[in-house]
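Next, two complexes with subunit A in common: one pairs it with subunit B, the other with subunit C.
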Partner chain A sequence: MYLNRVHRTFPKLKKIITRPQSQAALAEQNEYTETPEYPPILDMSLKARKLRERETLYQKIKEINTVEEKQIALNMPRYYGWKCVMFNETRNPYNTMPLVQYYTRSHFIPVDKLPDYYNDTEEAAKLVVQEIKALVEEAIVIENEGIDRDFPVTNESSIESQKTNALAQSIVKQINRIITNNLTDKLDHILSSQVDIEPRHEAFWFVGGVDPPLEVVRWRKQYPWLKDTYDDPIDRPVQYIGTPMLTLRGKLPLKPIIPYSEAENPEFKVPQFTHTPKTVGYFETHRHGTNIPGYWPGDYDEFGLVSYHGRGHIRGESFGDQDNLEALHCQAMKASFGWLLAQANYQGFTTYNDLTYPLVTQTVVTNGQLWSLYAYQLNTIEMHNDKFDSNPKNNVCFGTKPFKLYDTIENGKVQGLNEEVLKMLVKFYLNTPEERDHDMKPYLGKEEQVVADIEDDNRRSWLEARYKHLVANRPKHFLLPEVYLWEKIYKIRFNTRFFEAKRRPFEKNVNPFNRRLDDHLPPYIPKVLRQYPRSKKKFETTYYPKV
Partner chain B sequence: MSTRWYPIYQRGNPQLRVFLPNFWMKIVRPAPKQLPNVVQFQCSIEMTKHDIKNYLEKIYNIPVVDVRTKISLGKFKRDVGKGYIVKDDDIKNAFIVLPKDMKFEYPNIFGDKDGDEDQEKALDEAKKSFKNYIDRNKHRPDVPSWFTI
Partner chain C sequence: MRLSQVLNRQHIGFMFKKHWVVQGKRVPIDTGVEDVLKAKGIPVEDALEFIKDEPKERERINIVGPFEPPLPLDENHPEYKARPCFTLKSTNVLLEGISQAQVLTKTIIAENRLPPKIEELAEMPAPTAIHENIKKAILSANVFDCEQKKLPKIKDKDRPAYNFPRILGITDKRRNQILTNRLLQLVEKTSDSEVTQSKYVVNDVESQTVFDKEDELIQFQDVSHILVTSHKPVTHDLDKDVAFKEIPDLYPVKHTVTLPPEHFYSETSKYPFRPSVSVRHPHTTWLHFNSTEVKNVYETPVTEDQILGRSLTHAFTVASAYAKQIHGEDVKDLPEPIYINCIQTDGQKYHFGVLELNTLNVDGSEGTKNIWYSKNNLKLYDSSRYFGGMPVLENYNNKVYGYINALYNC
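Entry: the complex of A and B
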């Protein structure tokens, strides 16, 4: 009996009263070594401490097992979503190329024909073109003249551009059908590939090395210890959203166009673009970052082959021919990078954990008559603020100018079909994916790679529901926090209501937009539903990744 | 363009009044930092993007590629004396995009501050002598400066 069990009732007593035993039992061990062992000397400056904090976050995200949890982890710091630069596929303001190149870290190489990588399939492509030529001509004529197209018009873009895209989409569907039909019995990867029509392509990443906005500089200026960091660049979350007309994807990845070691080639240069994206015409909205390559995690056909995009947004002559051409290049770079980044995310890489091998995709931008072809190799996805200047890798994009597939349609006949263009297109299909001899998913678990692999029923279904809800980006049930204008005038700018109780977040010096994703009450369990016989657990368990 | 009528007869003087146009544009130093081919203006709040484009193209022969506008809130301040809060007018900012091979740099109108060392010296001297004068006379307030030995 120890103190007649009083110490259980008054736990603090235990500290005051000395132990009855004379000495604690200690295992025999020698704590002395030949040479002194010191703990590592850490830089304790503010910058270094913050960097270590961020590095632990990157490490934690890397160690998470499943794709979905990694995606939730990326969004953990923001309950209301990141303030993302919206990178729409079709939004290409004037002179946007430097920004797009820097944000996607793409070196652009203009070419007149496809790179040498495609030369092996020259003969096969010629044969296929001879077989499908007549069919393609017929399809073009029917789609252009034989069909009275009626499609729902939305207010999102001009009617003219929607008409162009609708026509292009039907032609693309036909040509894709003709080429795949011809190749299915010749090539395995075409037979087993999946065709997606208007899939959902979204990608999310961080770009560092961008000038801080005025508000951030103003915020920094109020703290004397931030004196050296007033103009330090900040991270910008970027969200790409695009809808291709049609994509093809398969089980295996395409071969790299250039060897992976070439990725660090200093000839592939991407100049830094430090101006805020607003100055070019890209604006920001609050949303959760999403990475969706047109299918959900766990799909077996997870590598892209070709994607087709419309060019209805190219506006006649307004910014001139040169800028229209650049707009096409930008669209292709954004679309290719966005799709590949989303695919890379499904392989377990994120914007914080760089790719360990290259990925390749092929992109076509067309309106049915004009076709421009792009081949894109993704070498790196790590360009956030800690890595933007130390990461030597760049992505590479080969792109052609728009070619005319045919000149005109006269009397129900296609005039001047350009077989070269058709051949290049066929070469994209003939480009056979190959199995890689390295681990494709080094940062995913061995047993659990997607949420569906998790055995615990509660955890699996909770994560599945949370992930789908997160990437749906539906509006919140409650209105977003807001500082009303009258408050800004009479409470923040001028202290005219000093006698009122201070209850609003800005009066308590809290930024509600810094709330974390898991900073909410979980669903309440009503008493009747609690576990028998007696359970004090009032709220359901949440399974947010611990980052 | 002016919404005012051409001088109709008014009693009194002056008989000839000058009517300024409603449309005006003022070039300002850009904030935040803009691309070299972007120029920031403040303009009449009634001007639309088309007006701005025409104004620059037709009057000044400036090739305008794109116009972006933004109406920013006027500043609030406390009325001196009365103590209530008043607000300045809103400002329409126009960001004019020139062709990308063109450059515009906002001129440094007032020169560098470091350049005027002589002027600063003179100002310091003047300040010093004024302070001397105040110190000398601090014990005899309300006495005019000429009333001295």
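Entry: the complex of A and C
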């Protein structure tokens, strides 16, 4: 229709524009082949078509060049954000171990000492411990008894837990200082490593194979063609949020603890937890999925060495020894997986495009006196609904029980310093990262790996601002759509206002949350600001990734 | 109301209003129970008979509540002290800046000059790897840190009522915390292990000093964002034949101006380290200038002079709190001078100073005086931010690191 109108105004245009339909097809030289070539036979069932649709999405995300665009692409289907299961680092209710293991796909191996992987550094660690022992003892005493200070207290958690974490943090800072100062001359990776205090760690992924909630089943039951899929499992978006007390990161990744081929070892088992996460105490909120390992894309030091976490949230005797131990393991698994997943995302992998090599981190959970140490190897991050049963890989977590670094402090002296614990801690620092002999970023562009590499000024600035706005998760300008209570009573439960015009989304059978991220009007360009001499472009360009 | 107006029955406000009117005029329905009961010989009593007595007066219960409500902070409070104490906190600045600080602390100043040993050490070139790491630290503090908190409101003075969109980013507090800690870590990493082992580093510790000046009680409360302490007190060999800036006369301003009088205070000074600790001697104290936190009592913006004054009062607070811990609360002239290094920064600009504390008797401007050596306004970099989507660091100045290193190693 539009073309017609133009043709009416400019009659000569018709002659200039050639109609593509009427172009003569180029005569193929060999139109006929010896044997017939058929197009592939595709399964045209509903399930198969939907699967192909999703696979093209995964492929498109894989082909995007930059880290930031991939993150925006992950969020493209939801304008109001995903309804995420919130995995807070410090929220560890009863009996969550199976859920945490299933959601992070972690096989947990309880150990009494660090795995054999650390044996090479035994001698070096012994020497270092002898050098730093006295300093560590002194620091523990000073932090516990030698300094007067008031910790600022907030209303977010109990005062007791905040005090525990504050003391632990100051001890961790001192021990980190002592060890790094001692090792700087001996090891290059310590000199160039960066120390972050309370960085922001966030990670987002999908977990498949979870029982569908009742609403989903009810929705499926409306449609006869979904008859076979009533109880099919669904994807759950999961968001991890944590704040370690202190982290160390460097330019190179740590060596794998076990060979990558071992990742498919059937002996590594992960329990299946298909119940809704609400049953154990993890709830959901709408938010955009974010992957943040404590720095923005483009930072030089991209791989973690050690992270220290507080254990102020551990409840006392009311929780039971076994429950407290499991809570620690859960915290460590969540924290390690979350940090590594975010790092993996900065290497160009996402929850839809699996890692091609393993990543390793070391996690310490402590309150200054009790120390539990964990070594975690990330082998896979692909566990969404299409892959949860066909992906044979598992992640592996080695974890110790909490050890006492010292027994008591009497008369300004530390009694019973446990050198073994200190040695294990030193071994974490002695574990030298190495350059890998494979491509670290196979799914990122060659020239453009982060948005800052993009040539086009407008596109670069737009993407940078959009990405930061997305991951900030600021509240929207307009409130989220909702069904008011009076509507629920007078319109949905009892149809008392049948004569009114049906304007609300639920009356029109529309799900307002089913809206894409780019489904909005771009900013308007006022006429005075439009391009000279005449520009009909009313709205600014947006550069959302095309997925 | 027009007669012709249509009153929709389903108008929600109208509907509810009418509903209340109808429900409010309920007439009890005769259910016929009374007759049935009477017929069976069961006595029926009037309900109104039971409520005709006046209700009994009950004693009011004093509910304690979850916690004791705090007493109002007025003259009747048990902790109230009649004598006011003029208080300078780390979030406040002096009206006259460095001159007022000179009067309050009885200090003469050697401007743009640090002890010779420091100047000598500062000249030593640092390896390139260190400068690369400092650039990383600057970028990490200004660009790559992921904090997204509300930054101060943007105001346009031509149209003051206009509301700009609120920008999220790295707050000045966090930026300074990251940058200064990283710088100190780098200095420690390049220093000898004997030096680092004899030092101790703590964050965010408070010092407090209370003293009399011309019959007025004055207290300084200050936070050292980083406090480096050592096994031995730090000493400096100083040139005494320097043109000192003498203590100025503030007239007509009084030296306690912009120090709010407080009636709740403790009369003892406080040094954060206990006397039992062997590494308690203050060596270098770092002070952040966070423009969102530090304000004038009046609404005027903080001037450069006032920022310099902060360095001096801060160094004086830590040094005198330490002196009082050693020599007792009433010490006046110190048997041996106490030295302390001070670095103040807002991330970009660095102000270095060394204080020689000779006396805590700050009355008048004659007699023994304290000495403040300072070198101010050294810029570490011109700007570091995201510019058009790209991380930028402009004009890194490699001189500053030399001074930080020198202050640590002296």
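As a convention for this text, the second predicted complex is superposed on the first by the 519 of 547 C-alpha atoms of A that agree within 3 Å, B and C clash if a C-alpha of one lies under 4 Å from a C-alpha of the other, contacts with A are read in each partner's own complex, and residues count from 1 in each chain.
Just so it is clear, contacts are C-beta pairs under 8 Å (C-beta built on N, C-alpha and C of every residue); 3 or more make two chains touch, one makes a residue touch a chain.
Please read all numbers here as calculations on a predicted model, not as lab measurements.
Asker: So in the superposed three-chain picture, is A:260 touching just subunit B, just subunit C, both, or none of them (first/second/both/neither)?
Answerer: Touch partners of A:260: none, neither subunit B nor subunit C.
Asker: A:489 in the overlay: touching subunit B, subunit C, both, or neither? Say first, second, both or neither.
Answerer: first
Asker: So in the superposed three-chain picture, is A:464 touching just subunit B, just subunit C, both, or none of them (first/second/both/neither)?
Answerer: second
Asker: A:513 in the overlay: touching subunit B, subunit C, both, or neither? Say first, second, both or neither.
Answerer: neither
Asker: Quick one: classify A:95 as touching subunit B (first), subunit C (second), both or neither.
Answerer: Only subunit B is touched by A:95; subunit C is not.
Asker: Using the superposition on chain A described above, determine whether A:214 touches subunit B (first), subunit C (second), both, or neither.
Answerer: It touches subunit B, and subunit C stays clear.
Asker: In the overlaid three-chain picture, which partner chain does A:80 touch, first (subunit B) or second (subunit C), both, or neither?
Answerer: After superposition on chain A, A:80 lies in contact with neither partner.
Asker: Subunit B or subunit C: which reaches more residues on subunit A?
Answerer: Partner touching more subunit A residues in the overlay: C.
Asker: Touch test for A:451: subunit B only (first), subunit C only (second), both, or neither?
Answerer: second
Asker: State the interface residues of subunit B toward subunit A in the complex, per the touch definition above.
Answerer: 31-35, 37-38, 65-66, 68, 76, 78, 85, 95, 97, 100
Asker: Across the complex, what residues on subunit A touch subunit B?
Answerer: Touch residues, subunit A against subunit B: 93-95, 211, 213-214, 275-276, 278-281, 319, 489-490, 493-494, 496.
Asker: What part of subunit C is in contact with subunit A in the complex they form?
Answerer: Spelled out, the residues of subunit C in touch with subunit A are 10, 129, 133, 136-137, 139-140, 143-148, 168, 177-178, 181-182, 185, 188-190, 193, 196-197, 200-206, 270, 272-274, 276-280, 386, 388-391.
Asker: Residue numbers of subunit A touching subunit C in their complex, please.
Answerer: 135, 138-139, 142, 145-150, 170, 173-174, 177, 180-182, 184-185, 190-192, 194-197, 199-200, 292, 294-296, 298-301, 412, 451-452, 454, 457, 460-461, 463-465, 468, 471-472, 474, 497, 499-500
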